[in-house]
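Listed below are the structures to be examined.
Heads up, the next two complexes both have chain A, just with different partners, chain B and then chain C.
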Partner chain A sequence: MNETADKSWRVNRRQFLKFAAFTGAGITLGKYLRDYALKHEVFRQRWGEGPGLETFALSTCRQCPAGCGLRVRLVDGDAKKLDGNPLCPIARGTTCPKGQAGLQVLYNPDRLLGPVRRIGKRGEGQWERISWKDALAEVQSKLSALRTAGNPHSVAWIAERNDAMQGQLIRRFMQAYGSPNLFEFVDSRDASARAAMKLCQGVDEFPAYDLENTNYILSFSTPLLESWLSPTWLARQYGHLHRGRAEHRSRFVQVESRLSPTAVKADEWIPVNPGTEAVLVLAIAHVLIREDLYDRAFVADHTTGFDGDEGFSTLVLRDYAPDDVAQPTGVPVTTILRLAREFSTNKPAVALGEQVPLSGGVALAWAVQALNALNGMVDRTGGLLTQRPLPLKPLPEFTPDDVAQRGLKTPAFAKSLAVLADAQPAALFVSSSRLFAVAPEAGRFFAATEKIPFIVSFSAALDDSAVFADLILPDHSPLEKWQDAAPLPVNGRPVWAVSPPALVPMLDTRHTGEVVLELGRNLGAFPWKDFTEVLRFAAEGLFEARRGIPFTTPYESAWTNQLETGGWWMPSANTFDEFWEQLLKAGGWSDPIYNYEQWRRVLRTASGKFEFGASPKFQPPQWTADEGEFPLKLKVFTTLTTGGVEDPNQPFLLETLGPHVHARWEDWVELNPKTASGLGIANGDAVWLETPLGKLRLRAYVFAGALPDIASVLIGQEHRAGGEFVKKVARGVADMVVYRPDSTDTPLAATTRVRITKATGGA
Partner chain B sequence: MARWGMAIDLDRCTGCQACVVACKQENNVPFSTPAQAEKGRQISWIYIQTEIEGEYPNVKVRFRPMLCQHCDRPPCTFVCPTSATYKNEEGIVAQIYPRCIGCRYCANACPYSVKYFNYDEPHWPKQLEASLNHDVSVRYGGVIEKCTFCSHRLTKAREQADAEGREFRDDDYQPACVQSCPAHAMVFGDLDNPHGTVAAWSESPRAERLLEDLGTKPKVMYLKGGA
Partner chain C sequence: MKLRWLIVLALVVSARVLAEESTPLPEDPMAGARLFQQKGCVRCHAVGEEESKLGPNLGRIHRRGSLLDVAGAMWNHAPMMHERMAELHIKPPQLTSQEMANLIAFLTAYQYYLTQVGKPGDPDKGREVFAAKNCAKCHSLQSEADFEKIGPSLRGYAKLSPIQIAQAMWNHGPAMAEEFHRLGLGQPKFTNDEMAGLLAYLQRAAAPAGAEPVYVQPGSPNRGRILFEQKGCALCHAIRGVGGLPDVPDLGKRREELVRSVTEVAGFMWNHGVAMWDKMRERQVPAVKFEKNEMADIISYLYFINYFDKPGDPARGITLFARKGCAQCHAVTPGTKSLGPNLSTAAGVGSPIEIIAAMWNHAQAMEPAMRAKGVPWPKFEPGEMTDVIEFIYMVRERPVTTGTGKK
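Coming up: the complex of A and B.
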């Protein structure tokens, strides 16, 4: 470093700051990141010219809700590589491709430099930089005006479902403010599976699966090796089940209306007509009952609603004979019989019925739940588990004031994007933009944003949720902030990841958790000084739980499991401060034990038994529009590299989208060769995809694994704003999907008919 | 001297592409643009090769992570007019960029099609430059590049062992793809070490080498998938 060079950079910095202060366009990083970074007195002319000091820090991956522990390699303070934290029980030293691409989130050229305010019309993209003080003052004044007018319930918040502390703070804030309209969304799980758990077991949580100990996986359209649950954990289990155990290889059957990458890697793929999976499940149940293959002891001891005139067995035997089901599902009778026999004789076996991003509906989830019960695989080794609670210290008791009490009693409208738009809230906060990329008929919401007077986004870049906002309060990049994660149920064992920032924030961004604390402070909702204090507070619960350990090696985890099984527990630390240090050094806490067959814990219905309950009357899928006009059925999917990603503006992911059809840098439709040739479409042609809601131009891939008369289309890439990379490719397929929710407000997948026509010109 | 090799169990591999992205991040592989990808000019030292067989409904698709096979008799080195590509004493087929004149003979000679030509100058937005790995040189337009088994990691691991005053062990070093694999489908090590995992895996009755009949003697083994 020489003096002259140093000075010239400083001049640039001043010029830049001047520039940034006056322009509406200069609000993203653009080519000025280097100069801006100088604000923190870090001097580097170009990469690679520092002393080359290598350090490692722990962090938590936020590319999807799974919350894998990360180990960040830094050289001279710049992040160079992300790998899994070897001590994290989910990641165990590896990551999925999304985790590997995480640095493209941190160094995304489209990140916002700081908070901005909209000038000009909604959607025009005209912004001005403002200070955090002004931005927060503006939000506070809107919030207090609405509360003073007695309308706190007209404030809605769209957030990621997050049981960790940031999510809990948002819940508490909405409670204290007085609005029931917090819409928590997660697209790595099927909400109807949670509804089925509630119906059958009285447990209001997603199911967990004991995949590491199972022998046979029967998956109904569950994207096991794509964007479901926890990609890193699932890949490890897949390898383990196939080749991890000597002389013992598990079998994995995928029933799906498309040869997805999951179906490719399954031992057997069974094509099924879309939307009819639930019928197939019940036909398998029929065979189990008819051939007396079900677990009689479990059904007798731990279930209700099986026998009797309206009982499960009566209905299933009457309505779902394989002969009747073969035609609507397209699955031959012999296959149904074989699946039922394999499933019941290769225990432990588990059935999965979670479709993402759009759902198979509660009918499918319920049928799968019932099938697992029939097979006696509820809360048994290798079966369907119930998540053990994570003993974080609960937030202190809090009584909302009268205004809030009244607001909380109003009926909630934030159940889906479409309903929320129709309700026209007075103010909307958006802390997760994922919903906008996968919600059917999202266009309806965007059309309605004109009628929402005040919208605040916490996006770090100009993504789909930020584009229509009035104020953007950009969050830090995950690697730059204090984080915790309480992953949704995976294998039933509670996990809490916690990590300090791996590097100093580069930009004038602020932790959304801190912003929520600030907003809630006037309401007396939060006694804490900052977010770190919140994390320490929560961790006290773990310290006092007298179980579990900070993340550790597989050997130590297994040892702790053994000890706990024998009723022993070894404290890892004598004081909380020591424990906290251990947590930060390891990256989190987990409790590796699972006690099977704790019936009182996992069967929390009024009867204390598994309830086959309500009639398994299945509604055949209702396809919108006329078959003559729209002859094909639409099947949507996301890939592993797009599923759950908050900001898909990551070139490494965009160029690895669909290896099974060689797709990259695009949205596409997969067509069966016969269907395609009937339409005069060749592989790689540009086509128009038309639904009753509109039309889009896409590339068609003619793929032998596509079902006849079904158009399989990728959804989940943002398209309204999008950063410099993703905007080149995303088309917005979600807008073309007809919104039809099931009884639990989960949007169904099998709803839309489409027409495909060849477009002129290249793709 | 070690003889480095890799084994990939296709019965464990899920085709997730963690290896693909890990390699790009580790080795400063420039990401493509839609236009480059359209022309087939995307660079991926390792990628998922897809084979599709049969017709609906009897269709079988196979995924195979495809990378330089680090042949013991590498055809690419025989045709290089400048000795830019050569096999080093540990069996790694290496590429010396300043020597490469961009004739692409090697890319054509490679039966596995895993040598990549830089048709354009690589480009990163300024801010993404911060994530470039210092240990790996950035290539420039007009040269061939390929998988190096992350040999920069080998150099570093040797230095580390020296600094710690101990013998270098073959498990001191593994490439980024192997490290990242969440399914534990890839193993790496010295093929001459009879107690190593790679040696054990390559003894498997499922083990195969690609296009072995060409006499290339590849050092990447694939263990067949399926039951």
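Coming up: the complex of A and C.
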């Protein structure tokens, strides 16, 4: 090395300071420039700048728990349009309005650019950007400290129930860490339906329904064509039942205390007083028994608790005669008789009793289950089914260490949002904010979060959980990440959607599944390198199950179904790698067969029979507050575009909040003309809706489909944060519902009395 | 000594049977299922319980024909199909001879796999069968360790594929027959859908709560044929007059019994097992046992025994050739010109499958030409296509030994 060159590498003090100053400025400026550039790079208009190369990728919709397959149209790598994956057995090439709006989750201008830490007081909205390294170090440090102190059980996690791999990783993490306080909720299903399945059939799962093959649907306030199950699947079934079968048109009766969009599309709407649906169900059961219209063979062979002094038949014949029930339910005796006769003579027939949002209570769910059993429609074609298991490979055996085992033995407090908040965990993780928009106890929960020292949210934007979080570790948008979905029971057939990222992540976000893997790695809970490996691991179970088929055409699905009916099966691939490629190319896997009348599989009670005797004690609805002061009953509902949506900051959805009443970007209350007239309220007036818990200004929509003395209000828009679009609308009614759980801690829908008064000025 | 002679006889019979059918049986009839989709057949034809489309649902077509009979049925529906396809602007599918072979194998196998097997048995009927046939005397439905029962618990069998249960029954047949003798019970026999009902009842009543069904791959007729030889079935059973013993049924003449659902065929095999096992004992032939997928292969072969047609009658073929109007467009004398190809010299008609594929592919052009000449579309009844093809081979001055083009 010569002398000149050698000198050039010498650094004096001045040079060092200059270098340090520039470097510091560069890093600081770079961070802001990066964020600026990211934001402008991501959301600027790029039409026409590239060569216009059009490609397509498969992905999975996460706008609700249904997990429909998507086909993403990309132009020069930018996502431009979402449509249904034609091979997906749920979507079959279609999407609901939520699916169409999914791009607005990707391009939500309020998405976080990367991890942030709270710097002001809670709720002030003061944040600082931090690196992923610092963010994860902070989380690890808190978790380690709690574990070292022997308090792993003081960590709680709120997540949407998800049997797909991310959900399984969270469960495994909590197990390995040593906390029993994982609170998993489901938004688009009624928890009471699951409780009733457990009571009557001994199966801890939501019921499934064979709507495709039924002749008669008797629905008790189930939002069949709104926010229940999968809107795409249900819309397809609805069309199929009405027009898809030659010489065969099913009948659909909706019993509900409001002319909902579902009731409008039904063949018949039966108005019923809110909270009395269970009574009506039992009155129909009364008629079936009294007129000997029930399935005697099924009841004799596969049920217990029907006869005897305290048996179901005695109870129903004694207490639920149509003449006694007509007045409280508001349904005429002749209608009850007709419904019972139609239901029993138009088999296959199925009764539905899932009310979402909130719940009709376990009494309604149980009564509906009992009605299906009475009609012999449990696990029969066109009836009530039980989900077949999804053969994903189970996570490897794992033995938690001593600290974790001690923690897992402590009593769990994460049973409901309210109980969880009262327990004041030392640390709380929130991987889904959806619950806060519909849960009536959310207000109580928010008040209690002040006392939770450390809260981590995984929200992609500053949504409801950001109000109280200390640290936000933003997840990718669904289109940007590896995904899998195990949809909640729909028609009993197992389905698993899986898809790679449709495009590269646009922001400094990270897959929540990867973060969970990172957090659990030190606990020895996860042997996998990344989330993709987790998915491959799970898929091995499908390959080894030697049944089912990667998503495919209706023809091949029917063909596979037929083969399996005869005990045959054709492998689609010879090796797992080939099978994995097929899964990614198709978007998932399903097993199209359902074997009916498998009583030993679906009746898993101690008796091995359907248990009528497991009836919960039925109580008439207990309305809160004084009738004189609050004369109207509150009925809550969600619409198709609000049910199950995780990120509400989507203009398309806000634009179509209530198409049946032409409501856009606003909340409204539906009132009966007579009731409205008595209150001096005209259609379109601004009104105040008051409950014992508060008041809300809404627009009145007066129409004959609203029952007298009932105020029907959209729930699910109770957002405390969430972005520039949703904050124009956010003022939901959830906080004003008086929280009254049933025997399973499920919040009941029929509980709250309200008062409506005309407000001055326009709405 | 007897056994040695029987083995020699088996080898001779094997050689004869294999030589007789130089065109191999389909290895995988399912290959045609994919083709059915790829060629767009599914746009008009539904399968199974799928809702009906433009064309008939395959699940509702009950045709138990040979290769050429199926081909004849396809030919017969060509004009109607072309009309509908033209309306929908769908181009008729062109098929190579291999594709045609696969498609016909699939259509033949379709009933075997689907329209028959696809109908699950009636479990209520199965319950009656279980009681009436004294199954409960020897088998428990639930307990794995019911020492009062001689036979194994059926719990472990309840989720198996019907073909696996049939195989297990077959393998245990001789031992069961002895027990029946010992107990003074008559060997149960199964008729029609009794076996299917029994299996459905087992699934309902005995399957462990969490158990999922176990499936097997559909059998291969070609593997089944080889097994038929290797297992020594051909020692006793003739196939269409070839091989076998005079006092043992010729399976080639038992089409009605064998072209049924798998469970019915299994029931048929079980029924004849009693006499068969006695005969085998008498002749010192060891009992035949099947393992893995072998029963599926064997039954698949039995189903395809009559897949190949008997040799056609060229004399009848001449009459048909004229009566069906073929002669109006096709010359059969070398050097003679005709509207359609001269069949005595045309290329690409070396085997019946090639002829069928060629007919299918040119049907679209042929139909308007025939209409212009006022010739009605020829339709082939079962057996007629064999005769016509035999005649074509005759005029091509090639020796014809079978209806499937063995030359």
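Basically, the second predicted complex is superposed on the first by the 712 of 763 C-alpha atoms of A that agree within 3 Å, B and C clash if a C-alpha of one lies under 4 Å from a C-alpha of the other, contacts with A are read in each partner's own complex, and residues count from 1 in each chain.
Here is the rule we go by: a residue touches a chain if its C-beta (ideal position, glycine included) is under 8 Å from a C-beta of that chain, and two chains touch if they have at least 3 such contacts.
In this text, all values refer to a predicted model and were calculated from it rather than measured experimentally.
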{"item": "Partner chain in contact with A:211 - chain B first, chain C second, else both or neither", "value": "neither"}
{"item": "Partner chain(s) touched by A:700 [first = chain B, second = chain C, both, neither]", "value": "neither"}
{"item": "Touched partner set for A:652, first chain B, second chain C, both or neither", "value": "first"}
{"item": "Chain A residues touched - chain C or chain B, whichever exceeds", "value": "B"}
{"item": "First, second, both or neither for A:377, with chain B first and chain C second", "value": "neither"}
{"item": "First (chain B), second (chain C), both or neither touched by A:545", "value": "second"}
{"item": "First, second, both or neither for A:97, with chain B first and chain C second", "value": "first"}
{"item": "Chain B versus chain C as contact partner of A:595, first or second or both or neither", "value": "second"}
{"item": "Partner chain(s) touched by A:403 [first = chain B, second = chain C, both, neither]", "value": "neither"}
{"item": "Chain A positions touched by chain B in one structure and by chain C in the second", "value": "244"}
{"item": "Contacting residues of chain A [partner chain C, same complex]", "value": "244-246, 388-389, 391, 545-547, 553-556, 558-559, 561-571, 595, 597-601, 604"}
{"item": "Residues of chain C that touch chain A when the two form their complex", "value": "30, 33, 36-37, 42, 46-52, 59, 113-114, 117-120, 123, 160-164, 203-218, 261-262"}
{"item": "In the complex with chain B, residue positions of chain A that touch it", "value": "29, 31, 33-34, 46-48, 52, 75, 78-84, 91, 93-97, 99-101, 103-104, 106-109, 225, 231-236, 238-240, 242-244, 249, 251, 259, 261, 264-265, 267, 271, 640-641, 651-653, 655-656, 659-662, 664-666, 672-674, 703-708, 724, 728-729"}
{"item": "Complex interface listing, chain B residues touching chain A", "value": "9, 11-18, 20-22, 24-26, 31-34, 37-38, 42, 44, 47-48, 50, 52, 54-57, 59, 61-63, 125-134, 176, 179-185, 226-227"}
